[in-house]
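You will see two complexes here that share chain A, one where it goes with chain B and one where it goes with chain C.
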Partner chain A sequence: MKSLHRAIETIHLLDDLAGEDTFFTRLSPLAKLGSLFVFLVTLASLGTDQLASAFLLLLVLPAGYRLGRIPWKQPLRQLVPVLGMVGAIGLMNLFWFQGPPVPLGPVEVPGGIGVLLLLVLKAIGCVLGAYLLLATTSLEKLACALQKLPLPQVLIISLLLTWRYLVLLLQEGDRMASAWRLRAPENRGIPWKISGSLLGLLFLRSLERAQLVYESMKLRGFQGRFPEQGTIGSLKGNLLLFGGTLAWCLFCRVCLPSFIF
Partner chain B sequence: MAAILTLSQLQFQYPSLRPGQDPVPVFHDLSFVLEAGEKVGLIGSNGVGKSTLLKLLVGLLPLQEGCLSVCGLPLTEQTFPAIRRKTGYVFQDSESQLFMPTVESDVSFALRNAGLPAEEVEQKTEKALAQVGMEGLARRQIYRLSGGQKKLTAIAGLLTQEPDLLLMDEPSAALDPRNRRKLVEILRQLSCAQLIASHDLDFIWDTCDRVILLADGRLQEDSSAHDVLSNQSLLESCGLELPLRLQKI
Partner chain C sequence: MHMADALLSPGVAGTMYAVSGMAAWYAVRKVKEEKQDGIIPEMGVLGAFVFAAQMINFAIPGTGSSGHLCGGMLLSAVVGPYAGFLTLIGILTLQCLVFGDGGLLALGANVWNMAFYGCFVGGGILWPLLTRQGLTKKTITAASVIGSVLTLQLGAFSVAGETYLSGITELPFSAFLLLMQPIHLAIGLGEGLITAAVLGFVYETRPEILRQPAPLGTVGQKGTWSRKKLLGALGALSLAIGGGLSLLASEDPDGLEWSIARLTGSPELESSEQGIYGIAARIQEVMALFPDYQIPGMEGPLGTALSGIIGTLLACGIIWFLGRNLRKTGHHEVSAPRH
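For the complex of A and B:
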């Protein structure tokens, strides 16, 4: 139940941060999306022999968080379950990986450790990069930006509505959990025996609320495309962000020689 | 002047969920007319079909039998967008009506959808927020609003559309006395036709000139607000009571 609260707070915090007036929030969503895409593609393309590049590539994230005035506590908390999962998979490589040792700057580490480290770095980059985008750009602005790309409209609307409906699901779950807690104070948590029926009820109620939200959108003229949301920031700022990210990614991927470490 | 709303022999029933089960009838042979600028209250006991009727009027439920014309247009799938542009609907649960992150973005949603220029959107949004007394909260996140503030935000969102017909489902629910009074003043000042479904008979007394009373799926009475709301025997026969101001406590 506390975790439901926390999840709702996380989403609200992201909405709050995206609504603030900072250098990042003023930039074009397309520029931010493009920069994240370049960053993630570069990170994904790095192999175990490029651990140093992966470390260096991630340095762009603290700069982004600083410019966006985003607190670190929440995103680091989001990392915990991801790192747990990735770490478990990566740990298996310590025993099963048969490849040669990999360079980490001036030293060499066993291949299994190299794979584990790479997986962890990629996970960190993905989670913190995506969080940075969501904390500086509202979903609605992102949807408008995505509409300018040759992507299926259904995909964009699904993405946006999934985010909005997720909040409804969590709120309904929180409401039901609170009602349970108040009406069954002697129970610690919800027993397994009835969790199935409660889950079904949760989905039904969330579906009803989602239906109401959708009806409200239709009644106010929504016909499958999201309207434009505000300004797109200065051209210089957008170019600086995208160009800077691209240059840094190219440097880390292509130009960085391993001997400087 | 053409009527804003015309219902003729309207019938509606909810389909049965299981085979062999009878459908649930809601109302039958419902007919009335609403003229431009008229303020009409829709009252009846729980489950009589007030919310169902309002949903029918904006095409959220399918028209089964009868004729329905809204703002001069027959209610069909082709005319839904045009009718919805001319009508405003306030949900019973305003939490579900608000879907954008901030007050300003939600209130201006319909205007942006209509493709209006940014300046005009800003102007109309500010005007609507000022009308409901929320001008200082334009940048506030929706989740931080109280229940009453959410209701006022939902109403502001509809005022931007300058509707010809305003449909409201329990608008005074969750409002404190001050906001309730504010809402009464706002509705009195609006010149558009209004159809207000409410259990708050005092609110209906304050805002409506005419009242339609539904009971047992039929129109029991359609008369002036004063005549209907002061008729104790009529109200009690339909599962209601006199407004609080007329009750001797």
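For the complex of A and C:
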């Protein structure tokens, strides 16, 4: 069950990164979320005739990773399965694409390759962009910031509680999977027949824990809202981030094509 | 089945955010109405459980593949479809933000493809329908397997549709469907079996945790529609579609005709007049009451509308007749509801 180990590692790493004191971690979570949305929408709106714009748009990511002092290893690892799926669909376009060649800066590439390249670039941008947000903002801060938006409280609280209990249950699942491996080392995977009792037990334990949690929350005065603890950061920094991202995206989306062609 | 941002256009992603948002708004309203004490922490911890449980893959016998728990059905069976839907939104948000599984822009689409079908269709319609005779191991297994297979098929169909509508890849819709549907049939079966195994274990150890189906005969209380009212509304809707909206139907060829036209240049394949094909064609000529959705001698909009209405009534009659007979034959096998 390598995935369980990896998930626990990822969560701890993200928590550590978000706890560091960098330019990015000091900014408002909402400014970061807004910037990420602008970046993602711009990237998603690019067509095959704007490959050069897509390349250039992604250059903002290394700058962000540098400012946030974020190591590349973990996000690149997350990118592999996404690239696998998107790449497979992109490869099929090599056979199906009937359109004309598409421009890639000063040169032209066959349309099928253009679609493949665009899908890969979009996948890279989306995965690395989302990782940048979480590596510089803890989910608790993000959820507290989301409370300021007109979003249903029940959704934010359940998201926050899921996050808080995730590591605990991942560890419990990992313990159970390890116990199974030790009991039956010759078996390659967990057989379906025992899935009911294995997961059922984890489920019942989780449910009992949920009841205890709720009782203790009520005893501590929980009234359906968590206290706000998100950092707001300096206004200048937030404006710089949001305005800079917006300007860069506009340049790549609107101005760059007319510069090149 | 998590969709990546790269496969969606901003228009489709925005539309999916809007429809999933509406479903979420409705679910929030229903959760507030239900006023279940302690539901929110339960949702949080169960969300973490489903997240962790989905990482434990089980070997599916005879297929060489593995599967994991189907979250929508399990959550709906325990906390109900609305709270289950909101919990799955939380899980999908974390999966996309923390593990890069599905994108932030594609979150609306992923919520629709996985949470909406899993909870609203699987947990909201199929679970109460298939367990209405009472919870037994058989009904739980049937509901879990049928629910998982069907909701996954719907989800896979939506993925293909959303990708096609986004227009980012040139992969034909039919080819993408052919790739998506069969593989998700196998996955749905595996996930359904695992979900059935877990729910079966819970049923044996703590049956009170599972959502009991509404006792027979309680339908029609305040806030719910009686069976007659529901059937009447559905009947009126069917007649309106068959008789009215059918007039607005597009004249363009349907998906299959379009595909054939692309391959052969004509929307219909030339069939042989001889042998079994010829016999079948002649039988169809004689049997067809309304060829090309027209009443012979009354061609035009009125004929189309009338053929739609008569066709709807005929279909209802046949289904009613079959259902009545099936109920008679199956009546002796139904176990008494469990209390």
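Criterion: the second predicted complex is superposed on the first by the 203 of 261 C-alpha atoms of A that agree within 3 Å, B and C clash if a C-alpha of one lies under 4 Å from a C-alpha of the other, contacts with A are read in each partner's own complex, and residues count from 1 in each chain.
Throughout what follows, a residue touches a chain if its C-beta (ideal position, glycine included) is under 8 Å from a C-beta of that chain, and two chains touch if they have at least 3 such contacts.
None of these values were measured; they are calculated from a predicted model.
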item	value
Contacts of A:213 with chain B and chain C, given as first, second, both or neither	both
Touching partner for A:164 - first (chain B), second (chain C), both, neither	both
Superposition-derived comparison: chain B or chain C, residues of chain A touched	C
Which superposed partner A:16 touches (first chain B, second chain C, both, neither)	first
Which superposed partner A:84 touches (first chain B, second chain C, both, neither)	neither
Which of chain B and chain C A:172 touches, first, second, both or neither	second
Touching partner for A:190 - first (chain B), second (chain C), both, neither	second
Partner chain(s) touched by A:140 [first = chain B, second = chain C, both, neither]	first
Which of chain B and chain C A:223 touches, first, second, both or neither	first
Chain C-contacting residues of chain A that also contact chain B	139, 164, 209, 213, 217
Residues of chain C touching chain A in the complex	4-10, 13, 24-25, 28, 31-32, 38, 40-49, 51-53, 55-61, 66, 69, 74, 78, 86-87, 89-91, 93-94, 96-101, 103-105, 163, 168-172, 175, 190, 193-194, 196-198, 200-202, 205-206, 209
Touch list for chain A against partner chain B, complex	12, 15-16, 18-19, 138-140, 164, 209, 212-213, 215-223, 227-229
Contact footprint of chain C on chain A as seen in their complex	1, 3-4, 7, 10-11, 14, 36-37, 40-41, 43-45, 75, 78-79, 81-82, 85-86, 89-90, 92-93, 96-99, 111-112, 115, 118-120, 122-123, 125-127, 129-131, 133-134, 139, 152, 154-155, 157-166, 168-170, 172-173, 177, 188-193, 195-204, 206-207, 209-211, 213-214, 217, 224
Chain A-facing residues of chain B, complex	58, 60, 81, 84-85, 87, 89, 91, 93, 96-102, 105, 109-110, 112-115, 139, 141, 143, 157, 161
